[in-house]
Amino acid sequence: MGREIVIPFGPQHPVLPEPIHLDLVLEDEMVKEAIPSIGYIHRGLEKLVEKRDFKNYVYIAERICGICSFIHSVSYCQGIENIMEITIPDRAAYLRVIWSEYSRLHSHLLWLGLFADAMGFENLFMTAWRLREHMLNDMEETTGGRVIQGSCKVGGVRCDISNDKLASMSAGLTAIEPELSEMAGVFLEDETIDMRTRGVGVLSKDSAWDLGAVGPVARGSGIALDARMTGYGAYEHLDFSPVVISGGDCYARCRVRVEELFTSLDLIGQAITMMPDGDIEVPVRGNPSGEFFSRTEQPRGEVVHYIRGNGTKNLLRHRVRTPTTANIPGLVQMLAGCELANVPVIVLSIDPCIGCAER
Amino acid sequence: MSYLKKSPWILHYDASSCNGCDIEVLACLTPLYDVERFGIINTGNPKHADIFVITGGINEQSSVVVKNIYDQIPSPKVVVAVGICAATGGVFRECYNIKGGVNTTIPVDVYVPGCAARPESIIDGIVAALSILEEKRKAMKKGETPL
Amino acid sequence: MDLMHILYGVSFILFGPLIGGIIVGLDRKLTARMQGRVGPPVLQPFYDIGKLFQKERIAVIYSENFWVIAYLIFIVATGMIFFAGGDLLLVIFALTLAHVFLIIGAFSSSSPYAHVGAQRELIQLMAIEPMVILTAVGMYQVTGSFFVIDILAYGGLLIFVLPGVFVGFLYVLTFKLRKSPFDLATSHHAHQELVKGLTTEFAGPTLGIYELAHLYETVMLLGFVYLFFGANPLTGIIAVILVYIIEIFVDNATTRITWQPALISAWIVTIVLGGLNLIGLYLL
Amino acid sequence: MRAFTITRTIVRMLFRGPATIRYPKEPAQIKERSRGHITMDITTCIFCRLCEKNCISQAITVDKEERTWTIDRMRCIICGECVTACPKDCLRIDPRYHPPVTEFLVETLQGPPVPDPVPERETA
Amino acid sequence: MINNDECTIWYQRCFVEFLLLFLIFFPLVLACILLGIRGEKLRDIIVTTGALVIGTGTLYLLIATLGSHATYYLTNTQTVHYILFLLEIGITLFILYLCRKYHQRLVALLVCIQMAILIIFGMGSLTSGHATTEGANLFFDEFSIIMALIIGIIGSLICIYSLGYMRSYHLHHPEISDRRPFFFFLLFLFLSAMFGLVFSNNLVWLFFFWEITTVCSFLLIGYAKTKDAIKNGFLALLLNLLGGITFAGALVYITYTAPSPEYLNLSTLTTAGPDLALLALVPAGLISFAGLTKSAQMPFSSWLIGAMVAPTPVSALLHSSTMVKAGVYVIVRFAPVLEGQFIGMLIALVGGITFFLASCIAITQNNAKKLLAYSTIANLGLVVACAGVGSHEAVWAAILLIIFHAVAKSLLFLCTGTVEHQIGSRDIEEMNGLFVTMPKVATMMLIGMAGMFLAPFGMLISKWATLRAFVDASPPLGILLVLFLALGSGVTVFFWTKWMGKLIGYHEEKKNDEESVNRSEWAVLYIITGLVALVAFTFPLISGTILEPYLISAHNATTESLDKLLFYDDLIIILLMLSLIVVMPLSLYFFRHAWKESYRKVPRYVCGREALSPHSFTGSIGVQKEMGLSNYYLEDIFGELRMLRIGDLCTIALIVLIFAALIGMVV
């Protein structure tokens, strides 16, 4: 038998918000081998395009996952709009940016909380989630849904935000910013967090590139890779530069996300001030025919929706390449040789989202 | 005197949800909703749990897991299916990999509708589960086979 | 040991869990408040334990229960010796014995998480035992006796002569109370990489016994803190309350650290604070 | 690098008091736009089945013969597509959510008997 | 009346003297007989009866001498001295022959040095006329009796155990040539030498027996004659010879400086007045150094680890319960001299460091015998530390440690031997679920382990006493020792408990497998288990009837100070706890049926994965995985080499200091 401890990690495990499974082979507490296995929440929803109207399918697309659901719907709609050559109204584009960035805020706060919890820092978890409720509140007030917004549709958005509301949202975010930066300070400066994150789960710039990492994982390893740089939607009008940190460890990835909170706040601010008046949607006639790769930046990195239609109301193919899928090879590399106690920290540091990875 | 109603510990498992209901279940534990007011603790261990909260529909792989976890929860226990996915499979009902709601695998006591279910709704669901839990305890005491 | 003290010892059987439960209840309440939540009722620990005893009995192996009961018995016995004014060294060693029972209980189920939890608990035991022994030794050096009665009878506040030992003891108290950053083996918080570590396989009444023993233990450990301030009951009680609040605060303000720094730091604290303090006592 | 950096937050939380909404003692927060559940005013329904056709999760079944409108609450995702589709505005999204149930909930509403054909012709 | 009394006393004296000589010579005779016996049956009978006789003899000695004080016997030394001297030379030549055969130059060199020193000593004693004097050469006191009991009872039990063990040993190892007559010859020769060692008052005699035990140990380690065995045998010899040389040096020193030949006697030397303190201190230092080598203290610990290649009974007898105790025995003998001295302090520190570091190393061992060896080294370290401190409390603790350690450790060694033959491995990881496969042996091991570290069993009491002794010792040494003890005791809990956990771990898929253990092994195991419990329960008695008189006579301890050794309240509590521990498993047995009915048996928690059998789960890609449940070994922190290096460095520095101090004193 040797001196090995073999334990199952997942699918049901308190630190795993979503089920995956790892066979962990440990020696003392050092992970010698981690063999992943997935499929616990595979639903097969891409296949549903064959049964659903492409316009209604947006509801399914946004239920690929409940955390960045809005961005999924944006990606999907963008794809259809590109195939059908629809230009959405500017106001709709700006509203999409606002909600996207709200999603990012709430997702990053959610992640920060879970990350803190994985390290056993319960108070910080509570703090992050307490602040997150502010974002959810705004989302619900503007779209009617806390986590599944359902406010994006092919050809624009489903509901408008009044200019008064926009102003009060902006004011609310400014008011909450000090608390956010205080929390950010804890993440970035606390000694004990440092002990758990610095030098843990290192992914070098080269391996990050070779293994095809995306999102904060890539940016934490020093690669400036952010789909928002492509300027989709209204992003081309906004002043944006990605947060890039070198280091490649859990601390760097955490730092990327912490700093992105403030980029998001900034982007929302910009979008609100630049918000044009006008319609929020254009009518959509006909059915899509053709194919398109739609790229957007989710909180976890770049997501690609591949859409192919043949002129009927049902699409031929819908395929999603999710950031988690792209980051898993990096994760496997990070896990080798780590401590058991760091497994949750490292796993969470890529912000795995099995929901969309398995669909 | 029953303490069960005052100290229900929950175990949450994501059978194949989209995360929407998941994060709402988690949100219940956080300051704004704080279910610990009712003595509810989210325990990660089926052997310590009283209430099994499931989100998402059942797929081929998760059904085994759900069954396994359910068996390891000591009686009396109740199952709360959160979200319509957990009830019937929801929008994914017709996906090839979805068997349907949780009731296809284990008996469900409370359904919390919604997509995603709101935290308040989830709290209501758990409160509803408490009285069922109490009934089951009485039944168990009488020597009936616990479910 | 006169009859009075034996009575104290015996009353610990009853009052131990009562006081312990209220302390833990207040702890949970305060923790919740620190996190911006309302928190459970103060009597929650009693509800929890009551609930656990109403649950079905399940087990991987029957003898698990035996070890956990042994743990409880010896924790209670230890507490009784302590409150009856007995020998501190005996208290410490009996406490170790109790923990060994608990660990063996976890081992006996041969379950992966309980196993890893047991190993970690052992590491913790190894980390804290030296400091606890030094605490007793320090008190002996000052008061000339290992007996709690005699230590209490010592006129002055021990904290003034044993500051290093006191801080060291606080450090390891965090392990004993299973509070962050040292809640390695099993944690009150749900999200631990070890599930419930040591207690993973304990369910229903078995877990209830474990929780009950934890209440006893908490009270007894706070009794140790009291000894440092025991010159008069008022300072003693205030100090105990303050110490516990500090522990709660630390619990709320740190991550859980890994076992290597936990072990090494505990030993360094033992050697540096404990050792220097004791040497200082000689020089004085 | 500092330790106990969270102290300020903790102290503030202690003084500010809990952020908790004491539901169910206090009422739930209801936003105007919240998508709670679908309500139906059966009296104005014309059983055109547009809602049924537009429902992404087949939660609605309309029986023109029996004049019933049925919603399966355990399927509805409250997307509001049916509300948009309904020509008679008889569907609404109520911002209050539907309470939990212990059995599957399929609500069937029986429409009023067929109104006099005469006035109908008049409207046409 | 008076006449009658004197008569009885005289009679008793003679009888006891006879008993002492009997205990020395009877095993020797048996040894010679056994050398010529090839038949198993006959050997069984002779060994068993012989062992019984020896055991009864020691018990009888105890009873006969109970209440009497240290007594000395004059024996005509002239001839004996010459005989011893010749034998000594014979042994030397024999070793030299072996050195030549196996090309061991270094050992040969040391042997020659030792020979040279001995010849110097011989000439010195001739010229100063020491050798011709009569002395109180044999003696017994309470401490010797305790040692004799350990040797006589544990030793003879191990001999009986060896019969069965060696039979299966040769079944398991057909490649090793069967030299059992020689093996038993050595065992009994060794017993004889040990008796001689503890009954000798004359240091020359003591040295002679000392050398014999070294040689026996050397030959027994090399019993298998494999490369490894021979190498380790010579390593043991080499390091023990270092001690032998200093021992011989001590003899020379006494011969050339002492005012009278009386000072070659242990009793005279250790009670030398303050004006002669130096005279006693130098030999005390030198002989204690020899004791350090013999009891495998760091930096000499490596030989004891190497010695684990010997058959397990040898490890149990020589390398844990008796021979290595000879090392600490002499140091404890010199404790009155060492008390409060710089040298004593240094020796205590060597012990303290060894205790702590050897315990640390034990964490990293998964070889049961090596673990036991390290734990032995650690415990001997504790005894050495106590002896170095030298106060009567410390000596009290030291002797208790010796007793408890001897019984518990020999039990553990023997159990390990039995388990090894049953499961074919001495790897602790392989003992997973031993409670299911070998319930009785596992229980005995648990009792042995509990005896090693748990309250309220014996070791704990001695640890407790040790702690008190250390605290009272002079600063800063006391604090350092307390630190070592505190740290070390935490470490001890770790490695014992994890082993206990391994044994107790429940394994459904294994079957009972202890039917084939033979009867003599069972008998011995049962008896020693009983002894562990017995000493745990009766130690206050032992302390009161044997230890306290010894301390009064040898350490001038007062009765009041002795009263502080054990508190009545504590005693009651300890005994209550002991009874609780004994009663609890019984209650388990009693409630077994009730429990089984009311409990629902559930599978282990494996994160919701399917478990097709209790000890596996469905891993990734559907592969069935065994749950590995290895213990932690913390190699990164407590790695053997690292700890040894630290320990060797520290202890070598201390030993250099000891020698520097000695040289300083002489010059």
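Per-chain residue numbering starts at 1, and chain names A, B, C, D and E are given in the order in which the chains are listed.
In the analysis below, contacts are C-beta pairs under 8 Å (C-beta built on N, C-alpha and C of every residue); 3 or more make two chains touch, one makes a residue touch a chain.
None of these values were measured; they are calculated from a predicted model.
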Applying the touch definition from the top, give me the chains sitting in contact with each of chain B and chain E.
A, C
Can you figure out the chain closest to the middle, judged by Cα centres?
C
What is the chain whose Cα centre is as far as it gets from that of chain E?
D
The chain pair joined by the most C-beta contacts is C-E
Whole-Å distance, chain B centre to chain D centre, using C-alpha means?
23
Interchain centroid distance [CA atoms averaged], chain A/chain E, Å:
66
Approximate Å spacing (C-alpha centroids) for the pair chain D, chain E:
82
Would you mind pulling out the distance in Å between where the CA atoms of chain C average out and where those of chain D do?
52
Residues of chain E touching 2+ other chains?
432, 600, 602-603, 605-609, 627, 629, 631-632, 634, 636
What positions in chain B touch 2 or more of the other chains?
13, 30-32, 34, 37, 42-47, 65, 69, 72, 74, 90-91, 115, 118
Two or more other chains are touched by the chain C residues 32, 34-39, 56-58, 112-113, 115, 190-192, 195, 200-201, 203, 252-254
Could you please write down every pair of chains that are in touch?
A-B, A-C, A-D, A-E, B-C, B-D, B-E, C-D, C-E
Sort out for me which residues of chain E touch chain B in the complex.
600, 602-603, 605, 608-611
In the complex of these two chains, what residues of chain C are touching chain A?
31, 34-37, 112-113, 115-116, 180-181, 183-184, 187, 189-193, 195, 252-259, 261
For the chain A and chain C complex, residues of the former touching the latter:
5-8, 13-15, 26, 29, 114, 116-123, 125-127, 130, 190, 192-193, 195-196, 339-344
The residues of chain A that touch chain D in their complex are 52, 56-57, 59-60, 63, 123-124, 127, 130, 133, 140-145, 148, 150, 159, 179, 182-183, 185-186, 189-192, 194
Which residues of chain A touch chain B in the complex?
11-15, 17-19, 39-45, 47-48, 51, 59-60, 63-67, 69, 110, 113, 125-126, 129-130, 132-133, 136, 145-148, 353, 355
